[in-house]
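Presented sequentially are two complexes of chain A, the first with chain B as partner and the second with chain C.
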Partner chain A sequence: MSGKSARKGFLGGHLVAWGYALIIVGPMFWILSNSFKRQIDILMGTGFATPILDNYRTLLFSRQSDFLMNLWNSALVGVVSTVIVLVIATLAAFTVVRLEPPKWATFLLLGWALVFHMLPTLTFVGSWYVMFSNLGLHGTYTAVILTHIVHALPQTVFLMVGFLLNIPNDLIQAARMDGCSYGQVFRRIVLPLSFGGMAAAGALAFIQSWSDFAIALNLTDQDTMTAPVAIATFAQEHQIRYGEMASASVLSMVPALILILFGQRYVVRGLMAGAVK
Partner chain B sequence: MAYLTLEKLRKAYGKHVVIPEIDLELEAGEFVCLVGPSGSGKSTLLRMIAGLESISGGRVTVAGADITGTDPSDRDMAMVFQSYALYPHMTVRDNMSFALRMRNEDKALIQERVAEAVEMLDLHGLEDRKPSALSGGQRQRVAMGRCIVRKPKLFLFDEPLSNLDAKLRTATRHQIRRLHDQLGATSIFVTHDQVEAMTMADRIALLDHGEVMQIGTPQELYLNPKNRFTAGFLGSPEMNFFSGTAEMAENGLHVRASDSLFLPASDARLKRLSDRLVPGQTVEVGVRPEHFVIADAPGPDTLSLPVEGQEWLGHEAFVFGRIGKQEVGVRVASGAAADDTLPRTGSAVPLTVLEDTWHVFDPETGETLSL
Partner chain C sequence: MSATTAQRRNRIWRYGSLLPAALLLIVLTIYPVFNLVGLSLSDVEWIDGRADTSFTGLDNFEQLFQHEPVYWAGVRNTIVFAVCAVTAQMIFGFAMALAARRASGFGRVALTTIFLMPIVIPPIVIGAMWRLLLGRDFGAVNTLLGYVGLGPVDFLGNPDVALASVIMVDIWHWTPFVFLLMLTGLESLDDEVFEAARFDVKTNWQELRYVTIPLMIPTILITAGLRIVLTFKVFDEVYLLTAGGPGTATEVINFSIYRTFFAQDRVGVGSAMSLLTLVAVAVLIVAVNLVIRARRKAKEIAE
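Right after this comes the complex of A and B.
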C-alpha cells in the first residue's frame, strides 16, 4: 500500500515538474519558432511555415541594425560589472566572516545588503538618471556598470558569506601559523577555495546584468544600448517587427544558456552553501 | 631559565572568565600534556600560546623573548589541529612546504626538508595526492609533516588523535613521542584522554576551570595526587572514594560511615596524618582499584563488597559493586586470569587495603591530607 501511494506521489511530482517545464519552455519554443517565420505568418498565427533565415540576416547584417553592437555592449557591461562585484563581495565576505570586525559593522553591512536587495530597482532608476545626467555620465558605460554593480552586490555578498563560512576556520588559522598575513591567507587559501562560490555568484550577477531592462533603458543611449533595450525598440510606432524581435531574443538567450549549462553545477552548489552542511 | 613561560596568563570573554590566572614553565625539549575535562580551558590556553586567541592579561615568553602581542605568523610555532586543517587544494608536498615557501626559503632546502619528513612519516608515494585522497591516518601524518619541515620553536598539538580509530591512535602515540625525541623538539599536547597524557608526557598539567590543579610527571600525578580532582581524573577505572569520620588506630586509620574501612599505614604516614587530622573529622578517602586486596576470610578489618558485575580484560580483571550508594571497583587479578576464578555476581568479597597506598582528602577544599 505504501508503495502504491509513494508511486502516486511520484507521479504527482512528475506532473508538477513537467507542467513547470512547459510554462518555461513553451514561450521559449514559441519565440524560437517565430524567429524563423515571416512577419505575415506570425500575424496570421500560422503553426507551421517554411523556416526562413531572413530575420537573423536582417538583424545581424543589415545596415540599419545595431544588434551586434548591442550584444557587445551587454557583454561588456555584464563582464566588467560581474568582475568588480565579485572582487568587492569576496573581500567584504572575507572581512565579515574571518576578520571579526565589530558586530555593529557586520550588522550594518548585511542589514544594508538585505534591505537594498528587497527594494525594487525601479525605485532608484529615477534618481540615478538625474544623478548621472548631472555628472555628465548619462549614456556612458560607467553609468550602467556602476548601477549594475550596486544592483548585484547585496545578493553576491550574501552568497559569498555563505560560501566562505564553509571554509573551516582551522584552515585559516593553520595558514596564519604557517606565516601568512591575512592578505596572504586570502590570496593563497580563501581565493582558490572559493572559486566554486565565485562561479555561482558570478553567473547569477552576470545573468542579472545581461537581462536587466529597467536600468539600461534609462541610462543608456544609442551607442551604449544593451540587448534587452534594443529588443524593445523593435516595437515601433507604426509596426512591431515580431520576427526580428524573436530572433534577437533567441540570440540574447544563447550566452545565458551556455553559462547556465556550464555553471549549473556551481550555481546549485553555491545557492545551497550555508543551507546544507 | 625556562624555554617557555606563561606568567599570570588570563583569558576572559567580556565578563566570562575562562582562565583566571595561569603560571607555567616549560624546559626546552620537554613534552608537556595539557589535560582536563571539556571546558577546562586547555585548548584556549594552547591557542593563546599560538597567538590564535587574544590574551586578556599576563605574559608569554619563548626563549627569553616576549611574544605576548606577536602576530601568530611571526611566532614560529607549528600546530597540528584536531581537524588536521590540511589545505584541500594543495598536494601533500605543497601542504608540507607551504610554510617554507611563504618564508621564501631556498628551493633545494625545501625539497630536502620535505623529503626528510616524507621519510620520517612514511609518506612515500603520496606526495602528489590531494588530502581528499588520503585516509585519516595519512592526513594526520601529513599534518605532522607540515610542522616537522619548519623546525619550529614549539610544537603545538590540539587533540590530534581524537579522529583516529583506537588501534591507530596507540601507534600514532608512540610515533609522535619518537619524533619528538628524534627532533629534540619542545611540545605541548592538548588532550582530554588521560591515557594519551600518561603515555606520552614528560610532565602533565591537569587543568580544571582554567586553573592548574597539579603539574608533574605522570607518576607524581597518579601516585601522589595533591587534590581530589587529580585523584579522580587520572586512572581507569576511577579511584574509589568513601567519606566518613576518621579515627586514628595503632597501625592505621579507621574511616567510619555505614560501613567501616580500615586503612593500614606506616608509622611515618600515621604521624603526619595525626598532625593534620582532628579526631572525629569528616574526611574523604580515595583508594585505587588495584590497591584493594581480596582477603582470605572476612575479618574485623575487611570491607565486604557485594559483587554486581565483572570486567575481564585479559591481562587484568575488575569486579564492581556498591557499598551504600558508592560504586566501587576492585582489580581482582593481574596476568591472564581465568574467567572461572573471578568472584561471582551475587557473592560478597572481603577486601583489605594495601598499606600507604590510599589518600585522604579534605572534603571542603579537596586538598590532600595524606602527603
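Right after this comes the complex of A and C.
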C-alpha cells in the first residue's frame, strides 16, 4: 500500500473513532445538563436553561430523599466487600500459582469460578433471597456484602493469578531456601510485589459492587438500599422525577470517572486480563 | 522450630489459603443451585418471613413449559438480542480498532478514557440516561430527528421498535469493550508478518482479508463468545428502559425470573425458571469454551 493511501486510511480511522467518542460523550453531557435543569425545562426539551442546583439540593438534603444514605450504603458495601475479596482471592491465587495444590482442586476451583462468573446473576438471586430470609438476614449489610464478595471473587482470582504469575519463581524458591515458611513468603515477597495487581483487581471489584443492581434490588431493604436501586425507584414513581434521576445518575458516575481518570492504566489492565483469560 | 512443625504449618497454609475461597463458592454458589432444585420441586409459602416448602414434584416445570408464554417470549427476545447486539458490536468494534490502531500519544489516551466510560459506569445509569434521551415527547433524540424533519418515534413505547431501541442501547454500551479487546489483539500481532506479506497483497482489502483477519480469528472468537454469554445477563437497562414492555416486546429471561420470583412471589415457578436458565447458559458456556479450546489446539498442531 502506498504512503498516501495509508495516511488517508489513518485520517479516516481517526474520524470514525472520534465520531464514536462523540456518541459516547454526548449522552453523558446531556444527562449532566439535565441534572441542572428544572423538571419543566426537561419536559419541554429546553436546550439551554440557566443552571440551577435544585435537583442536587432536593436529592441530597430534602427530607423526602434518602439518597445520601443510599450513597453511603453503596460506599460501605463496596469498600468492605472489595477489601475482603482481595484478601481471599490473593491468598487463593498464590497457592494456585506457586504451591502446586492437587490438579483436581485447581481445576474445580477455577473451572467453576469461570462458569459462575458468566452465569446470569439473577439465576442465583432468588436462591440467595430464600437462604438469607430463612436465616433472618434479608435486608442486612451482611447479605449484600457476602453476595458482592462471591460475585467479584472469580474475576479477582483470575486477575490475581495473572499478576502473581509475573513474580519470578526463583525469588520464591530462594526465600524457601532461606527457611521462610509459605506464610512468610506470602507476607514478605508476594504481598509487597503484588500491590499493583491488587490495585487493578480492587478497582474492578469496587466498580462491580458499586454498579450492582440485580442483587441489591432484591436483597436490600429501605435502610440498606444502595444508590442504583434508589435511581430505579425514581423512574417508577407515578410522576417520574427526571431531574433527580439525572442528578443521582451523575453522582453515581463519579467513582467510575475518578477511577478512569487516575487509574486508567490499572482499569485497562484489569479489564483486558479479565476478558482474555 | 523443628522441621516437622514447619512442614505441618506449610501444609496447613496450603489448604488454609484455599479454604475461604472454596467455602464461599460452596456456600454461596454451589449450595444455591441445589437449593434451586429443591425449591423448583416445591410449593413455597412464606410464614413469618421464612420459606415453608411442600414437595409438589414436577408441577412447577409443567407450569413453566405449558403456561408461561411470557418466559418463552423472553427466551426468544434474549436470543434475538444476543445475536443482533453481538454481531453489531463485533463489526463496529473491529472496524474502529482497525481504524484507530495507529493512533498514538495524546489522542490515544483521550480515546481510551472516553471508550472506558460506558464500561465502568453503573448500567442502571445507562438505563436512566437513555430513558431521558429516548423519551417520545421531550427526548433529545427525537428533538434531533425533528431538526431533519423525522419523527417523533416512540422508541420505548412502540412494540415494533422497543426491542430494537434496547438492543441499540446495548450496542452503544458494549462496542467500546469489543473495540478495546480488538485493539489489544491487533497490537499484539507481529509487524514482521505484515512486512513479509507486503509484496503479496496489493490492496488494504487483501491485507485485511488474507493477513489480518486470519491472524485475529482467536481474538474474534473469544470476544464474540464472551459477549454472547454475557448478553444473557442483561437486566438492569431493560428494567429501567421498558420493564419488558410494551406487552412482551422487550421481555428478557432475567426480567421474567425477577417478575415471577419477586414481584409475583411465585417462588416455585421462579426457581424452575432460574434452574432451566442456569443449566442452559452453563451448557452454552461449556460449548463456547470447547470451541475456543479446539480452535487453539488445531492452531498449535498447525504450527
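Please note the rule applied: the second predicted complex is superposed on the first by the 260 of 277 C-alpha atoms of A that agree within 3 Å, B and C clash if a C-alpha of one lies under 4 Å from a C-alpha of the other, contacts with A are read in each partner's own complex, and residues count from 1 in each chain.
Rule of thumb we're sticking to: contacts are C-beta pairs under 8 Å (C-beta built on N, C-alpha and C of every residue); 3 or more make two chains touch, one makes a residue touch a chain.
No experiment lies behind these values; they were computed from the predicted model shown.
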Exercise. First (chain B), second (chain C), both or neither: which does A:29 touch?
Worked result: neither
Problem set entry | Partner chain in contact with A:94 - chain B first, chain C second, else both or neither | second
Exercise. Just chain B (first), just chain C (second), both, or neither: which does A:189 touch?
Worked result: first
Exercise. If you stack the two complexes on chain A, which partner ends up touching A:261: first (chain B), second (chain C), both, or neither?
Worked result: second
Exercise. When both complexes are superposed, which of chain B and chain C contacts more residues belonging to chain A?
Worked result: C
Exercise. Given the touch rule stated above, what does A:174 touch, chain B (first), chain C (second), both, or neither?
Worked result: first
Exercise. Between chain B (first) and chain C (second), which, if any, makes contact with A:242: first, second, both or neither?
Worked result: second
Seminar exercise, completed: Dual-contact residues of chain A (chain B, chain C) 181
Exercise. Inside the complex, what are the residues of chain A that reach chain B?
Worked result: 168, 170-171, 173-181, 184, 188-189, 192-193
Exercise. What residues on chain C touch chain A, complex-wise?
Worked result: 6, 9-10, 13-15, 17-18, 20-22, 24-25, 28-33, 35-36, 39, 44, 46, 49-51, 92, 95-96, 98-103, 107, 109-125, 127-133, 137-140, 143, 172, 175-177, 179-181, 184, 198, 203-204, 207, 222-223, 226, 229-230, 232-233, 235-236, 239-240, 253-254, 257-258, 261-262, 267, 270-271, 274-275, 277-278, 281-282, 285-286, 289
For this session: Spell out the part of chain A that touches chain C in their complex, as residue ranges.
Result: 1, 5, 9-10, 12-14, 16-18, 20-21, 23-25, 27-28, 30-31, 34, 42-45, 47, 87-89, 91-92, 94-96, 99, 101, 105, 109, 112-116, 118-131, 133-134, 136, 138, 146-147, 149-150, 153, 157, 181-183, 186, 207, 210-211, 213-214, 217-218, 227-228, 231-232, 234-235, 242, 245-246, 248-249, 252-253, 256-257, 259-261, 264, 267-268, 271-272, 275-276
Seminar exercise, completed: Note: in the complex, chain B contacts chain A through residues 50-52, 71-75, 77-79, 81-83, 85, 87-89, 98-99, 102-103, 146, 150
